[in-house]
Amino acid sequence: MTVIDKFKQYKIEEYFPQEEPFYLDVDGETEVFMACYKEKIPVTLKGPTGCGKTRFVERMSYDLNRPVVRVSKKDGAEDGKKTPLITVPGNEDLTADDLKGRYLLDGSFQEGAALIAVKNGGILYLDEIVEARNDTTVVIHPLADHRRSLVIEKLGKVYEAPDNFMLVISYNPGYQRKVKDLKQSTKQRFGAINFTYPSADIEQKIIMHEANVDEKVAKYLTTVGEKVRNLKGKGLDEGASTRLLINAGKLIRSGIDPVKACDVAILNPLTDDIDAYKSIREGLADVVTAYFPGRK
Amino acid sequence: MTVIDKFKQYKIEEYFPQEEPFYLDVDGETEVFMACYKEKIPVTLKGPTGCGKTRFVERMSYDLNRPVVRVSKKDGAEDGKKTPLITVPGNEDLTADDLKGRYLLDGSFQEGAALIAVKNGGILYLDEIVEARNDTTVVIHPLADHRRSLVIEKLGKVYEAPDNFMLVISYNPGYQRKVKDLKQSTKQRFGAINFTYPSADIEQKIIMHEANVDEKVAKYLTTVGEKVRNLKGKGLDEGASTRLLINAGKLIRSGIDPVKACDVAILNPLTDDIDAYKSIREGLADVVTAYFPGRK
Amino acid sequence: MTVIDKFKQYKIEEYFPQEEPFYLDVDGETEVFMACYKEKIPVTLKGPTGCGKTRFVERMSYDLNRPVVRVSKKDGAEDGKKTPLITVPGNEDLTADDLKGRYLLDGSFQEGAALIAVKNGGILYLDEIVEARNDTTVVIHPLADHRRSLVIEKLGKVYEAPDNFMLVISYNPGYQRKVKDLKQSTKQRFGAINFTYPSADIEQKIIMHEANVDEKVAKYLTTVGEKVRNLKGKGLDEGASTRLLINAGKLIRSGIDPVKACDVAILNPLTDDIDAYKSIREGLADVVTAYFPGRK
Amino acid sequence: MTVIDKFKQYKIEEYFPQEEPFYLDVDGETEVFMACYKEKIPVTLKGPTGCGKTRFVERMSYDLNRPVVRVSKKDGAEDGKKTPLITVPGNEDLTADDLKGRYLLDGSFQEGAALIAVKNGGILYLDEIVEARNDTTVVIHPLADHRRSLVIEKLGKVYEAPDNFMLVISYNPGYQRKVKDLKQSTKQRFGAINFTYPSADIEQKIIMHEANVDEKVAKYLTTVGEKVRNLKGKGLDEGASTRLLINAGKLIRSGIDPVKACDVAILNPLTDDIDAYKSIREGLADVVTAYFPGRK
Amino acid sequence: MTVIDKFKQYKIEEYFPQEEPFYLDVDGETEVFMACYKEKIPVTLKGPTGCGKTRFVERMSYDLNRPVVRVSKKDGAEDGKKTPLITVPGNEDLTADDLKGRYLLDGSFQEGAALIAVKNGGILYLDEIVEARNDTTVVIHPLADHRRSLVIEKLGKVYEAPDNFMLVISYNPGYQRKVKDLKQSTKQRFGAINFTYPSADIEQKIIMHEANVDEKVAKYLTTVGEKVRNLKGKGLDEGASTRLLINAGKLIRSGIDPVKACDVAILNPLTDDIDAYKSIREGLADVVTAYFPGRK
Amino acid sequence: MTVIDKFKQYKIEEYFPQEEPFYLDVDGETEVFMACYKEKIPVTLKGPTGCGKTRFVERMSYDLNRPVVRVSKKDGAEDGKKTPLITVPGNEDLTADDLKGRYLLDGSFQEGAALIAVKNGGILYLDEIVEARNDTTVVIHPLADHRRSLVIEKLGKVYEAPDNFMLVISYNPGYQRKVKDLKQSTKQRFGAINFTYPSADIEQKIIMHEANVDEKVAKYLTTVGEKVRNLKGKGLDEGASTRLLINAGKLIRSGIDPVKACDVAILNPLTDDIDAYKSIREGLADVVTAYFPGRK
């Protein structure tokens, strides 16, 4: 029995997005991403929470798996055209070994996310990487520069990433404190795409699609979102993400009163400050009246 | 013998609330919760300690197990209608592995709370989650957004949550310090229901039911509770929860003097400051006289 | 061989107080404790070190084991009437697993203190719990509220506490710093009994009994204790506990000079400040003269 | 079976640079490096991220493997002329054991990077070593002074480095905070070569070669780089490395608009400050006009 | 094979002081110690480093092993009269398990220092205990109060200390910072004996005995010691211990110049401040002249 | 098979200095060291980095192995005359177990450095011990005072050091911050020898010998060293060690320009401050002109 036999089994198919993720291009980010993919430039996605970074990278993975084969065959990637998406949510306890893999007590080797991505090709997406332990640098740097390689000391092997491998990381620049920031030597290994909230037009379409509500409700929610975002910095740490607006839409469709739906889905998650809540609620009064005249 | 054979045995039945938990709806939170459940929006319960968050979620679990079947069958959930309640008290040492599971020394795999909830369906209730280690984010985020999935790397498997799975978290916004707060990217994945102390009417009924005391004692305790809550911020960090009033009721029923009962059950737990104690005690003197004229 | 066979053996009899602990009721705390026990309200003992909290809880355990059976039989408790006392001194390294139990290298399961108490019934006394690691909350909260249960994930079982189980914790409110305090959600799960130094009368009897000295020596020591306690805050962090006075009595009985005995047993333990020592010593000069005229 | 048999297998050939790395000498650093190599003086490479330190050391390794044999045969080095390059990215979790090696659960010994380098000869390159755990000092000091030895306690052996072993470390003096600095006793064991950005002439050649763009684009990017570097300290923590300019070149060649390419490859990675971004963008307007008149 | 068979072997004889330690009583501490021993009052030794605390406790152990049997036989102590001395130097990494014991990988149980002392009787001396980890409290408190017991959870046993067991701890009150102090609940479980530097008379005798020097040299060193001790607080953190004077004496006897001997043995260890050194040296000039007129 | 059979094999011969280390006595330190060795007084070597502390102790070990046998035979030391040198570089992760030893997974016992030194006799040299973990105190104190013993709990044995055992530690008093300092109870167990930079005369001889350069180059470098050392505190944290001057000498001999050689070997390692560098460079201009008139 060789060491390889003892690798923990997993099905790479589990990592392919199965349905087309709904995503609308905002500012040419799709074209830039594809150019970076082709040029083997790793990419940072920068932007606030809930503005679609995860959805975007899922869509890119989905698109790259279409018959239009952009990628040449090479060692490691079985057929040279599949691009699975391996997502790792960054957190303070995420270590290099989580990415590389480790031996289990039964002697088998459990491959980490980076090794899975390098062996199979695909996008390795390290979400909110700024939260992770510093030793993840050991994995990120050699995968992000001209080396494109992953050393797994525990297996005594160096893996070279195939052509269809791509490293993508994300972080939220508005939210991160000075104390937690990527090192310049990390940042400068990546190209970076900035994300922000979508325009009212696009956001309305997204809400209608995702929450399955009519145009009036979607417009109502887009207006609420816009108003609330203007309050960022004035009592709110962060604006309302599109995700929150969608949740509110779902509750309205489910029969919850439009004001209560916004409370539960948007205001309550955003603030714990009762005064901030009241002042926002007041500022939204005419929006409610405009869209739901029967409601005060 | 397959790996599955070596899973630690447990009975999911142990996680069903067995008797109907006593809970009175305060402000429509039951309806909102059920809508979130139906729409698969995870929920945050926000409010001070002892105001009934845990009781509420127990009642929701109980109601969801009634014959009125709201949930469709799906993979993982054995019969598609049972909704057990898996509660995890958050604390500084709670890690992702506690939620996912781990191999024991005898080679069996001990399922964590999240895995139990995802495999069996049901409510996963992470109480005071703000206290937990940051790597729990790895479990929470994918379960709380459109993915609704749980990756157990150690088993090499991705579990998709069944329709009757719901993630519920709670925290106490008044109590938490700035240094300990949920990340925006976590908060914005949840709808949020605000809890506060019940109205005097409802609280009186709760005390009569739970402590098995008559109306006079219940009114006395509700009045004490109200007075003490007004002191929050003026010598008290936190108001008196309904739970404390119930404890006082039980002691009175058990023959302890009404003033001493309030000391033991309400004032002593709330403050260590002897001056604060005396000033509160004084402020309560006429309440005592009003309800127990024989007592000074 | 079942898992149960591999439990580490212990004799629950080791946890019964064998002789009647000497304890004098100060302010009705015995009656309150018994009411809490009956009403299943967990109790916090609050007070300075050495004022008899440990002795009190030992006496309560002893009393509960007398033929007067107050407790009904129920699952877990072998005969429904024995109430052993399981004491755990809190400290910064005390974790939930210390309370729950863990597997040893030989495959046996070593039950933790909480599991022993829940399986056998009895008082689980967590002394100075404020020092313990935060994850002990996982054990304390479900045992302290209406659930009265203990989840041992490693055994895949939920244990419900029998009727004769009671959770008691203690802390020293004067001594604890702001940085170390119980959470409100913990405090508000417990009734609380305040302890302080006994009155001169009672303390004198305690000293005579414990140190086996005559009335004169006991009065001398009570007077010394009173004087020293008045200095708390003026050079002393903490007053002299009854325990220190007893130690001084023992040394006097053993032939040590009364002044030296107070130095060794009372002043040296209380302060490292040579100036504070001298000033206290001076203040005690007339006490010495009054009781031991031959001594200057 | 001897202990040696159980060493984890690896191929030292994996550590030889296979193609000639493109590197242009800036200020005689090649000559100095070769003199240090000959004199067995370990070397520190100091300079900002992305200015070519890693590339330089790869080139040195490549050059040392050319037929011009500079190195005598000695114990440990198999043929006395090969100089592999073992690179270890420093990080907060890098320990001495990572460099020395450790026993795996199956009883085999996994050689650490330092042991591989000492046994095979070659350059041990500890990149950004200032980030590593302090116990790496145990490995670095004896290898960096006259002892040139490595003690592997777990094997009970002392390894003496062969003539063709060289220790190289790097750090970024502009970036490191006062709190993280090499100890003087470490610094003074090394010679040090200062790196900075290449001159415009050389940088232009590098960009043309690496990004495969024409002279105009390379000049455009060199000018952008120079302007951006002048802003270091005025809104930017760090200048733009040559690596960033190359990335921008690749994107332009791939059809991305020259302004957008600079955004994605240079400005977005460098700053999260929207005002800084706008002011830099403005300052670059005439550069764009000069090189791409059709573009505003 | 029983568990007992697998206990790691050790010879308790190794823990008996074999030669009479040289110790001169300073202020009746011997009598007080013996009274505490008889009354089962645990003792704290307080005082600066090198003033003889360790030597004192060694002498007490030696004296207690003389034919004059003070101790009754009881369970655990084999013959009821031997009092070995188990010394544990406190340090930041000392844990309760170090004192209790732990299972080794081969399945045997290695008894910790406290268990050895409790099983065999004898003095358990925890030197500079204030440095140890807080969980040592779990061992210290029950051994230091009326319980006199040691719970070894891993063996499932409670050990009661025999009559000839005594717990002794020490700390240096002048040296310890506010941040590191024993808890009051620990301090108040012990009697305390204060140690300081011996009087000139006694110290001279000690130096003559220990360093084997004549009276003149001993007087010279005692005078140096006295002068240096007066500088504590004025440039010196701590006075010169008797141990340092003895070392100086040994060097003088060994042929080193008296001034140099004081440098090497006294001043260099005490201060790193070159100015403090010079000023002390100057102040000692006439002492040197007085005792060694030939030396300037 | 006994436990002893399972000890990891090592050859004590590896720890004997094989060639006479070049060392010139500066201020009688050799005589003092030998007296301490004879009197069994452990020694602290205090002084800046690179001033020859390590070289000194190597020379002492070498001298002690000469035919002039100073040491009597005793238990543990095989022939009573060999004095190997066991060096341990202190660091933040160095623990007592590193010094004592530990069981490996295969059941063998790997002796730590202290155990090797105590069993074989010899000098145990703990370099920069102030960096190590505090629990090393457990090893250092009993080896450094009259006990001269090492307790290896894991083997259940107490080892008494043979006559030819000596404990030597070192630290750099100028470099260490207040936060990291040896405890007085450690310092006062050692005699201490102060080291500083050698006089110009001696240093010139050392450079000529070590770098194999002629007198002119050596004088040039000595002058450079002196000038640079005067700048300590004025822009430089630390003076240039002799080691740096030797490195510069080697580079000059190897054909590197004298100014560049000083940059690489002396100035670059010493400072990251470009202004400090320029000002030092300027100050050295006339030194260069004086020794190398052709060079400006």
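Things to note:
Each chain gets a letter, A, B, C, D, E and F, in the order it is written, and its residues are counted from 1.
By definition in this document, a residue touches a chain if its C-beta (ideal position, glycine included) is under 8 Å from a C-beta of that chain, and two chains touch if they have at least 3 such contacts.
What you see is a predicted model; the values in this text were computed from it and never measured.
Touching chain D and chain E together: F.
Each step here moves to a touching chain, and the least such steps from chain C to chain F number 2.
Shared contact partners of chain A and chain C, listed by label: B. Simply put, chain C must spin 60° to overlay its Cα atoms on chain E, rounded in steps of 5. Of all residue numbers that take part in the contact between chain A and chain B, under half occur on both sides, making this a different-residue interface. Centre-to-centre, using mean CA coordinates, chain B is 30 Å away from chain C. With each centre defined as the average position of its C-alpha atoms, the distance from chain A to chain F rounds to 53 Å.
Residues of chain B in contact with at least two other chains: 105.
Viewed as a network of touching protein chains, the structure reduces to one closed ring of chains, two contacts apiece. Beginning the circuit at chain A and passing next to chain D, one meets the chains as A, D, F, E, C, B, using touch as defined.
Residue ranges of chain A in contact with chain B, taken from their complex: 8-10, 14, 48-50, 54, 87-89, 91-94, 98, 104-106, 110, 112-113, 127-128, 131, 172, 175, 237-238, 240-241, 243-244, 247, 250-251, 253-256, 260, 264-265, 268-270, 272.
Chain C meets chain B in the complex at residues 28, 31-32, 35-36, 38-39, 41, 44, 46, 95-96, 103, 105, 107, 133-138, 141-142, 145, 153-154, 156-158, 173-174, 183-185, 187-194.
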